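In what follows, structures are represented as structure tokens.
Next come two complexes, and both contain chain A; in the first it sits with chain B, in the second with chain C.
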Partner chain A sequence: MAASMKNIFQPVSRLLLRKNPGLSVVCTRGSVYDQSYLETSKTLEEIKRPLAEDDIRRFRKIKAANTDDNTFADSDVVVGKLINMITKCGRKEVARDIVMKALEYVKRVQVEKYHKASDEEKTLIVLDPVKILHQAIENGKPLLITCRVTMSGQKHLVPIAPSERRQNFLSLKWLVSAGGDKPHRVRFHDKLGQEILNAFNEEGGLIQRKQEMHKICEAHKAYAHLK
Partner chain B sequence: MSFAVQNYFRHLKLANCSRNEVRIISKFFLHCSARQRQNEGGEKKPTVNFVGPPDTPKSIAKQDLISRAMLTYLERKQKVDEFKQINADEFDLGRRHLANIMGIEEDEMTSEKIREALSYLMPSSLSNRKARPLLEPPEYYFPQNVGNQFDVTGRPYHFLYYTYKANYYGLMHDLALKLETLKRLNFGLSHTNQEQGRTKVGVEWISFNKFVELFPEEKVTEHDYRRFLVLVERIDDHPLGQKYQDFLDQYRITLKPKSESFKLIQPLIDEDGREYVKNSGKRKTSEATVKLFNHGHGNININGKDITYFKDIMHRQAILAPLQLCGVVDKFDIEANVMVSAGPSADAGAIRIAVAKSLACFVPDDMKEHLRIAGYLTVDPRRRERKKAGQEGARMKFPWKKR
Partner chain C sequence: MKRSIISYRSYCQLLRLWSSKSARVGSSSVCCVKDNIVTSLPACFQLTVPPGRSYCTSTENVDEEEDVIEDDIDDVGPTIPVFQHRTNLPAKFRTQHDDPTKFSLEDVGLYYKVSPEDYKKYIQSGQWPGYKKQVKTFTEATVMVRQPALEVLDIIENANYDYPPLRLFFYGKVGTGKSMSLSHVVQHCGHQGMLTIHIPDFNELIRHRTSGVRPHAPSEYTDGLIDYTDDALNWLQYFKLQNEELLKKLNIKTTKEYVWSARDSTPVGSDILDLLSFGLERKKYSSDCIGAMFREIKKAANEKRVKVLVAIDGVNGLWKNTTIKDSEKKIINAQKVSTIQHFHKLFEHNWSNGICVGTLCPSVEAINNTMYENKMDVPYTPQYLLKKEGFDYMDPFVPIIVSEYNFKEAHNCIDYYIERKWIQSPRSLTESGKKEIMMLANMNPLQLMTISGRF
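Right, the complex of A and B next:
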């Protein structure tokens, strides 16, 4: 009930259709779904877990699944985000192709490493490229970011702790931009694969970018009290 | 009707009321809504003893107790009653006359018959129902309880009478008092040892329409309802809100689990003796019908093609997603017909909803719930957003140029 009040991004025209509308309404962009609808459960684990007696999903309507929402073995939330981030002009199939090739590159490198390694080292090598991507994104998450605050006409960079959503976004964004920073002849998917592997090993463009951000935050720590 | 209104006010003026009283009564009259008319007769307020409180000893003369305000009030009431009687007589005359025209017995001329007769004799194409010709008893137009809202001294019974929504504001007053009580109790207590106020799952606040029915004689608006919700939710969220849960439960309804409202179709039998369910689906402007055959081998037929109807793997996965979730991709055959195509994504969405709806007829209950939670059983209501004037598209603006 209380959660329904917190969502204030509803247009005025839909105000009357909402189930539990609040008094103060800031209208930005609308949604065809009214507030009673819940988000879909995306992963197989989430869906198949038995519902508790007081689970709210039992009683509420659920939004329609998106076209790319499925529970096939190759579907993954982070991979999906990466594909969406690389997509240009709505050409998702091209972006998917690039990401799959990058993951293939990662797999090839790891398998080669695996065969060259001794028996003891073999157990330590991760072969699943999706797991490597997850770890790479985890390694690239910044702990502090800066935001601009205007105080008496002067703009200051103020270090703040980002939300997890923002951390994920920045990590993915820096990974893609690090992949784009390459010589002319090198293909994007190969460079992206390299960057994923590098970030997995705590090095490369993504980690560099993160450290730069931390340096800026360190330099502006005097303004940390502003926000 | 307008004549009746004028008449009504003329009588009021005759009754020597003060200007303020006329204003109040006329406002009350204007507020008399259709809702009130429906509820009339259902609940009548207890009639008021104008003479004095019931404990008054009989030795005191009646006349002594009647104040000047009371006298004017009684005069006014008499005039209003007379006026109502005149209107009732007029209505009865009109009713009998109408019965005569229509060739019906007088006793059989019910309000339904009157409405039928009027729509036959005076057909009106006005879209607003209130503007059409009407013949109703005077109770339909005039508020019932104008008379007995005041006591002997001329003061209203309810302390919130002059808000016009005495009962509504009375409720709000109660709720606000309760919230203040909670705040006072909470003051100075540490937050660790408190019983947490919990929001109940599976219950919802009563809808606006139900809320309005609680106040039959008052004009409660959408805004009033929202203010009520704000107050009620604040009490519910309060750490000590448990104290008033019983009171709040009066304004709650229990939700039914969505799984109980599945509409299942009985499977049909094909010419070849195969079980199937036929369903249609829509997405954007695409329309598709799907026959889902039980005991199949995973064959797919979309407009005469197999799954290569879709070039992109995303769309291929989309139509198989419901089957894959239930683990029955190779146990059902899909025969889809896309009647209107609006692009691959829309086609895949239309087929998917039809497949999921059909599949729900075959699989056990827990899998139906899985399909619902994953969002496969919800029709996607999103549509293309229109282009705006002065903009490049729906959201995109023209590039900014200084001049």
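Right, the complex of A and C next:
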């Protein structure tokens, strides 16, 4: 009895993963919102601007805002992505704390350099840590990545040009893994801050990882025609 | 004392006059302040209005912010003077001179610079680690002049030194600037030529150490007590740093023969600096040296040769438990540590020509206390922190509350950060952005320091 009950209440995803899914199962679960819903406005300027009479937002339904969206002056898209990348076990507060401390470290180094520099050098120093993070991730983007292709039973690594979304993801992922590569006593947020500064200056773990990927692509360029 | 109350009253009246005017006139008063002359006020106040405030907003933002100003006056109410709302004029958040002895109530809420020597001598130890980092990154040390510190300095100037020492205690929530006010007082008194006996941080004498058990030994002088060896030595070095020049001038001689052991003894009539250097050389006797030195200093103070300031950060720690255990594996109370006992005796009534200042810290109460996970939750009232035993011992004392920043001080703090390039995000340079930071930090100085790191 119990066994049959189990079968009935099996989750839908488990059923879909089976080799021969039952014919009666229909996948209904996707996004809560269908295509008719509009995106929420996320900046203060957009919220405060009055609506025109023929604005679409008057006639269409709008998605609810995410729980972590805010309009504070320190909110940023790339920083949000980095926080999500670091989060483990749903403890987002801890991850946010780490990222903020890392950015503070970057700012500390730059501001101290600024006050010690002469007047001519002061104009060249970038102080905003968010700008530094953006530039660091821009520097870490790979131009070529590899993907696996099976041809006549043999697997080959084939170099391909990644999409921009994939570039961003890899750059962020390598940044986090470079921050984790540290001695036991050093704090993670300090090392992450160092890595951000290093990548901004075109050196360090993130840039090294990118160059390794380029080398692999160079070695396998004979298979480039496969895809 | 009388003088301070008179000046304070007049300042209050001035503020009240401004505020009442601004509330009555409404939007028209804003137009007046644009030209930096408040025409709606009586003629006698026109010169006293300081030039407009706030710092780094560009000329493009001015039009938007003027709208904000008009809205805010209705919301905030009559307690805030009008001139604080201006945004496109250079800010005034620094004092005109850096002499710590000459500040008046006009300088409240402004920053003054501390020289590197003074920073090492009086202010560095005992502050939050964030403050030390801040000094390093800004490449200068600054302290804000605040009202509680000035209140204490006024009492110190006008107290009667024929009576036993007065007790003045700062109290307040965590991170409101009790230790900073205390170190301002110590710096002032050091410049005035007073002898300063300063414990910068009582946490360090009580809390658990990660590097191992705190070095200690049974006391030579009295049975049943224990000595801190390393901590006493460190404190003597700190005392020497603060007062060596003064002690050379005073030339205090010992009035009693101190016999340390069969070989070592300090004869009658030797200099007090010899006693100090003996304590620095022999770690075993440095705790007893502190007691002997205090005895001589008290006698010199009674003869009116020198004024003495006793400043202890975290007075409520005098009755806390330490982390050391005795032979029966029972935790030893701070009352049974001779090093702490010497400081405890300074609060007695048996001497004059001195003054005792201290702080009551919730963070000291939170050590080894399982009741509170966060030290922000600990109650901060004197009666709770001192408990019954401490309150009875200290009983006639003057409590002085250190509260969070008011609107003017918080604005000055943020302007200072902007001037030092610490706040970077472009939106937080505007008036609305500053208000966001103030709201997030709840105008708490410590929170402002930490939260401004994000922006």
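Simple rule for what comes next: the second predicted complex is superposed on the first by the 175 of 227 C-alpha atoms of A that agree within 3 Å, B and C clash if a C-alpha of one lies under 4 Å from a C-alpha of the other, contacts with A are read in each partner's own complex, and residues count from 1 in each chain.
Methods note: a residue touches a chain if its C-beta (ideal position, glycine included) is under 8 Å from a C-beta of that chain, and two chains touch if they have at least 3 such contacts.
As the structure is a prediction and not an experimental result, all values here were calculated from the model.
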With the two complexes superposed on chain A, say which partner A:116 touches: chain B (first), chain C (second), both, or neither.
second
Report for A:130: first if it touches chain B alone, second if chain C alone, otherwise both or neither.
second
Could you look at A:69 and tell me whether it touches chain B, chain C, both or neither (first, second, both, neither)?
first
After lining up the shared chain so the two structures overlap, which partner does A:103 touch, if you call chain B first and chain C second: first, second, both or neither?
second
Touching partner for A:40 - first (chain B), second (chain C), both, neither:
first
Contacts of chain A common to chain B and chain C in the A-superposed view 72
Residue ranges of chain A touching chain B (in the complex, touch as defined):
1-2, 5, 16, 19-23, 32-33, 40-41, 44, 47-48, 51, 54-65, 67-72, 75, 92-93, 96
What residues of chain C sit close enough to touch chain A in their complex?
133, 136-139, 420-422, 424-425, 427-428, 433, 436-437, 440, 453-455
Quick one: which bits of chain A touch chain C in the complex? Just the residue numbers, please.
72-74, 100-101, 103-104, 107-108, 111-112, 114-116, 127-130
Which residues of chain B touch chain A in their complex?
199, 201-202, 204-205, 222, 226-227, 229-230, 233, 236-237, 255-259, 311-315, 317-318, 320-321, 324-325, 345, 348-349, 352-353, 369-370, 372-383
